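Listed next: structures, encoded as structure tokens.
Two complexes are shown next, each including subunit A; its partner changes from subunit B in the first to subunit C in the second.
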Partner chain A sequence: MKLSALLTSAALALGLATAAAADDKTKVGFVYVGPVGDGGWTYEHNKGRLAVEEEFGDKVETVFVENVAEGPDSERVMTQMALDGADLIFTTSFGYMDPTINVAKKFPKVKFEHATGYKRADNVSTYSARFYEGRAIQGHIAGSMTESNIIGYIGSYPIPEVIRGINSAFIHARKVNPDVQFKIVWAYTWFDPAKEADAAKVLIEQGADVILQHTDSTAPQAAAQEAGNVITFGQASDMGQYAPHPRVSSIIDDWAPYYIARTKAVMDGTWESTDTWDGIGAGMVGIGEISDAVPAKVKEEALALKAALADGSYHAFTGPLNKQDGSAFLADGATADDGTLAGMNFYVEGIEGTIPQ
Partner chain B sequence: MIRLEKRPEPSRAFSLATPLLAVVATMVFGGLLFIALGKDPLTSIQTIFWEPLFGEFAFYYRPQLLIKGAPLVLIAIGLSLGFKAGIWNIGAEGQYIMGALFGAGMGLAFYPLEGWYIFPLMVMAGGFGGWLWAMIPAFLKVRFGTNEILVSLMLVYVAEQFLASMSLGLLKNPEGFGFPGSRNLQQYESAYNADLIAGSGMHWGVVAAMIAVIFAYVLLSKHRLGFAIRVTGEAPRAAKFSGVNPTRLVLFCMGMSGLLAGLAGLFEVSGPAGQVTIDFNVGYGFTAIIVAFLGRLHPVGILLAGLLMALTYIGGDIAQSNLGLPAAAIQVFQGMLLFFLLALDMFTNYRLRFGRAEVA
Partner chain C sequence: MDLSAINPILFIAGFLVAATPLIFAAIGELVVEKSGVLNLGVEGMMITGAICGFATAVETGSPMLGFVAAAVGGAALSLLFAFLTQITLANQVASGLALTLFGLGLSALLGQSYVGIKPPRLGDINFGPLADIPVIGPILFTHDIILYLGIALVAGVWAVLKFTRAGLILRAVGESHDAAHALGYKVVRIRTLAIMFGGACAGIGGAYISLIRVPQWTEGMTAGVGWIALALVVFASWKPWRLLLGAYLFGGITQLQLNLQGAGVAIPVEYLAMSPYVITIIVLVILSADKSAAPASLGRTFHASH
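For the complex of A and B:
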């Protein structure tokens, strides 16, 4: 009796102690679709997580699970984090959309942040970056530097985000080089080094001397390095280990400021469901250093373009522009609205091939 | 001197003990791996094996075990029939995808009509889709003598292309703003394979898996066909003399495994997953091969093995989140399980002999 009572009270005290310790820390969970070492998409989200830890130190505890398949597995992982006392959960892949909404319904007090989706709720925000602004700069450099006039593009999935990037890059490549052509390969994966390398090799064999990628691994960079006279751009992360050549610049997703701001909002009790879509101006999209492999004049132009996109004086989708079938898209001087951009499912005039259906 | 000697007949005791020994060996070497990663091995193993079953949130994880285990068991039962007879269907992943596509397609064709008959029709369509996909390698094998391992495996990649095409085209949600993926069947009542008791994890797929276990047990121990399967695997020549028709056996085993894999796909897409998406398949069809062998190709063994695999997945994710173990370490841990099983399996048929070889 005595012993068990003693043990019970000890256990109780311990339990209270841990509960108390857990309470004054804000717990933030991250669900990743790839491994943290992918060098691209997930790597940058994880850098954002580390930035949150650095910013708030002892006041915050972060947890993450990597390689989480979209579907029921992600739903289980989110639920597990919520059960374990997470106050805020970032779900960092489009395919987590319905699972995030499902779990959010069950845990109304937990805040959720879903990347790149379109479904929101009182406790679910969405956020994404205007990667297409970076694509405009890539297109400008690619169009200026290509000698074969063939630019290879590794697409992941034919979804609006990727199509938007292709269009933006193409528009700006054509602007400086009317003869340029895009060859597009669909990899149907976000991260698969073997498939990405194959895609890059096929494009190089078809004469491409610039490879743009919308997949997350560095495999296309390695393939380009092997080929020699091919240039590439880092995707999602700087991929600086391939600079100055083949990687001549990059689009960097910088989630750290957003993650810190949202965590702060939860701590202060000011968190609200929002839809955030920031670009170069807000610092969510970064342009990696343009290397010396790029001619000085082109670099100067690219930086001017970046400045114009950042301060809003120029929009990456500015008319006159036609759709692929020749019908009018934007009148002279008009810019695309966010709704059109968000659901973009057509190529602009001049791109060959069809979007897979 | 140590040498291996073939046992006069396989050791029954070892056959039963091997899976347990493999689990123990995995725990020991997995523990060493966790030490090397700077984690407390006991806490790690406890998190993987104990937390989901008896931890604080077991009320949530136990139903999840059923959800994760049911497709594994359902597919593995089908595969085990063929494996016992030496018929190797490696393409269950493809049959799983086709079952999901046929079943979801059937359901979505009725949208937004509500009716009690829709879900049964989907079940039939799902089973048919898987069966049809398995019949391709089966037919090619009996007609042209092709290798069913290669053909069924290659058809997985064809099925994946179909899946991508369907997610982007025919089955795409018209209200999805151009994003790939079908409507969510969880929001379509007549097609939703919901928990039979809310929160229990018991959906129709779990029921089907249990029926499949009983069905396979009866088939193998009581039915002539089960005898034919066993005797073909153990002694093909004897099977011929006892009048087993190999063509019919191939068609039955391949068809059955395809049917069950198709059903698993249908129950998954209409329940836990909810929608057809490009990444719908997560490898159940391949993991089920491991489950089938881990369960000694025995229906009850497969049931236990399926639940054990599900446990390592669920516990593995908890360990990632709570202990910061990398996903790769969890995968190595799961790989060890199969490795030790196969390695220790040798002792079912062989035994170690110490000392000099005897002269026969």
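For the complex of A and C:
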């Protein structure tokens, strides 16, 4: 009896020791919607992961799974990560929202961070960037530079994040060019280079000479380059290989500081469920270099707009603004609150077409 | 709504291009399946062809050499599948899935230094005065040689399967490998050749995406075309001309729905987005009402001792 008790406690102690040794390293998992080489969205998240590794060296171990379909399959991937001992898991696409919440319920000790969503729990934080601030700058440049007055927009899925971007770009394009029109095509994918290229080509054939994209690959850039006199903007990543033309500027997502801070919080035991939504000011949204293809005056205005957005003196959604149906959205001088922005499911006045429901 | 924004000539010319990768991948798989082998690795062979073709075209400056390399790359990868299923008698479904995963990984590795590079352009064939014919000229006579090769390949496969001794032997192997074996045909050798043909076609299809349709290299850029090709073979009842029709239907409706969206047509976008799949399936299912069945030995393992 005594012997067995002794053995048991020895085994237990040994087990604890091993567990403690393993716990030395904080394990951080990342779930990606596309391949790390997409040159856009996932590429930037992966850069954030590499920054975490560089910052903490041996103290951290990171794992990632790429090309994870949104929906039930992502639940399997997250569950596997949690079972493999991940302490912190970043799920980096909107469609992982419900799966993240479901898996988080099963693993209360594992911390989850869901990008671009709005559902939180005790162990689930959300984080996103105010991409719409960058879209305002894109809209300004696009509206100033278009000659056909037709701007093509490749949407991914009709979710608030994408609709916000369309509205923000449209408002600022109209401001400098009252004749501008948006042609919006929904690709129903985040990553499918052939389809994205087709969408860009169709928009160009229909007269667009500016292509804005909210999909993750650089295919629309290649299609625009092929067409010649069309300008584009890098999406999520700089896409600088297409500069100075067609890519005249870009929105760059910089996740590294956030990922490092959150990993640190898990290490220190100070992690709490939060909602982070940072923009140009905080550095989460970067504006890629505005190339020489942009007239100097437009570039100057764009940089002024960037500065105003960064220091908070100007909000991208400032009234007077109406909704598409003509009803009032914001009174003169009023700005949209975060709740309205987070759930935005309507076009502003002037955009044609309906949002798929 | 502004339908006049859609240029029918550019639209038709566009969908001929969009359908070409699908035609190559599907016609190759059709031959493979006619020989009684189910290779689910089309996606993997396509993406391998896409990077082999892209890399070669960039390094040599010749898109045609790129397509040759793509065919070689696709065929080489398919040899792995042939070895697993024909020599070691591994399960075809599992081997095919593994081939896709392997191809995706291998291509990502090979393609690391080719991200963001612009490939040399393959020029359109000069048809001289033919291209100046109104409407028909810009639709039919302003394409690159690979697109025409795709159509010729469909015709060639159809003719070989229907009229030649080689086609008869291939079909015999696919219908009853035991009977074909008893007659003295080398089942394993014939199937290996069919698998390599399928790999080469898939490789060219992949390279068509990376060299002409997009044109650039991005990891995972085939994004499921290989799976659509597999489905297309089945829905086309293993008949080459139906396969061509299905590919054009699919490519055409995909392009049409993008065009309609751009023109602001008031059909809900969800329906437009699913329409290529739904319409292609419906049309091919109706056509296949004539009870054409799958090759009888499809997916079954052959060993000479049986």
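Convention: the second predicted complex is superposed on the first by the 336 of 357 C-alpha atoms of A that agree within 3 Å, B and C clash if a C-alpha of one lies under 4 Å from a C-alpha of the other, contacts with A are read in each partner's own complex, and residues count from 1 in each chain.
Criterion: a residue touches a chain if its C-beta (ideal position, glycine included) is under 8 Å from a C-beta of that chain, and two chains touch if they have at least 3 such contacts.
Remember, predicted model here, so these are calculated numbers, not experimental data.
When both complexes are superposed on subunit A, subunit B and subunit C clash. Legend: residue contacts after superposition of the two complexes on their common chain; A:124 is shown touching neither subunit B nor subunit C. When the shared chain is aligned, subunit B and subunit C each come close enough to touch A:67.
In the superposed pair of complexes, A:226 makes contact with subunit C only, with no contact to subunit B.
When the two structures are aligned on the shared chain, A:241 is found in touch with subunit C, with no touch to subunit B. Using the contact criterion defined above for the overlaid structures, shared-chain residue A:342 touches subunit B, although it does not reach subunit C.
Of the two partner chains, neither subunit B nor subunit C is touched by A:89. Contact with subunit B, but none with subunit C, is seen for A:77 once the two complexes are overlaid on the shared chain. Looking at the shared chain after the overlay, A:188 reaches both subunit B and subunit C. Of the two partner chains placed around the shared chain by superposition, subunit B and subunit C are both touched by A:356.
Here subunit B runs into subunit C after the superposition, and of 148-156, 166-174 or 202-210 the stretch doing so is 148-156. On subunit A, the patch touched by subunit B and the patch touched by subunit C overlap at residues 35-36, 67, 158, 188, 356-357. On the subunit C side of its complex with subunit A, the touching residues are 5-7, 10-11, 14, 18, 21, 104, 108, 111-112, 115-118, 209, 213-216, 218-225, 254-255, 258-259, 261-264, 266, 268-270, 273.
On subunit A, the positions that touch subunit C within their shared complex are 34-39, 67, 152, 158, 183-186, 188-189, 191-195, 197-199, 201-203, 205-207, 217-219, 221-223, 225-226, 239, 241-242, 352-354, 356-357. Within the complex formed with subunit B, the subunit A residues making contact are 29, 35-36, 63-73, 75-77, 79-81, 83-84, 94-95, 98, 102, 118, 157-160, 188, 342-345, 356-357.
The touching residues of subunit B, when paired with subunit A in their complex, are 56-57, 60-61, 64, 67-68, 164-165, 168-169, 177-181, 184, 186, 268, 272-275, 277-280, 282, 313-314, 317-318, 320-322, 324, 326-328.
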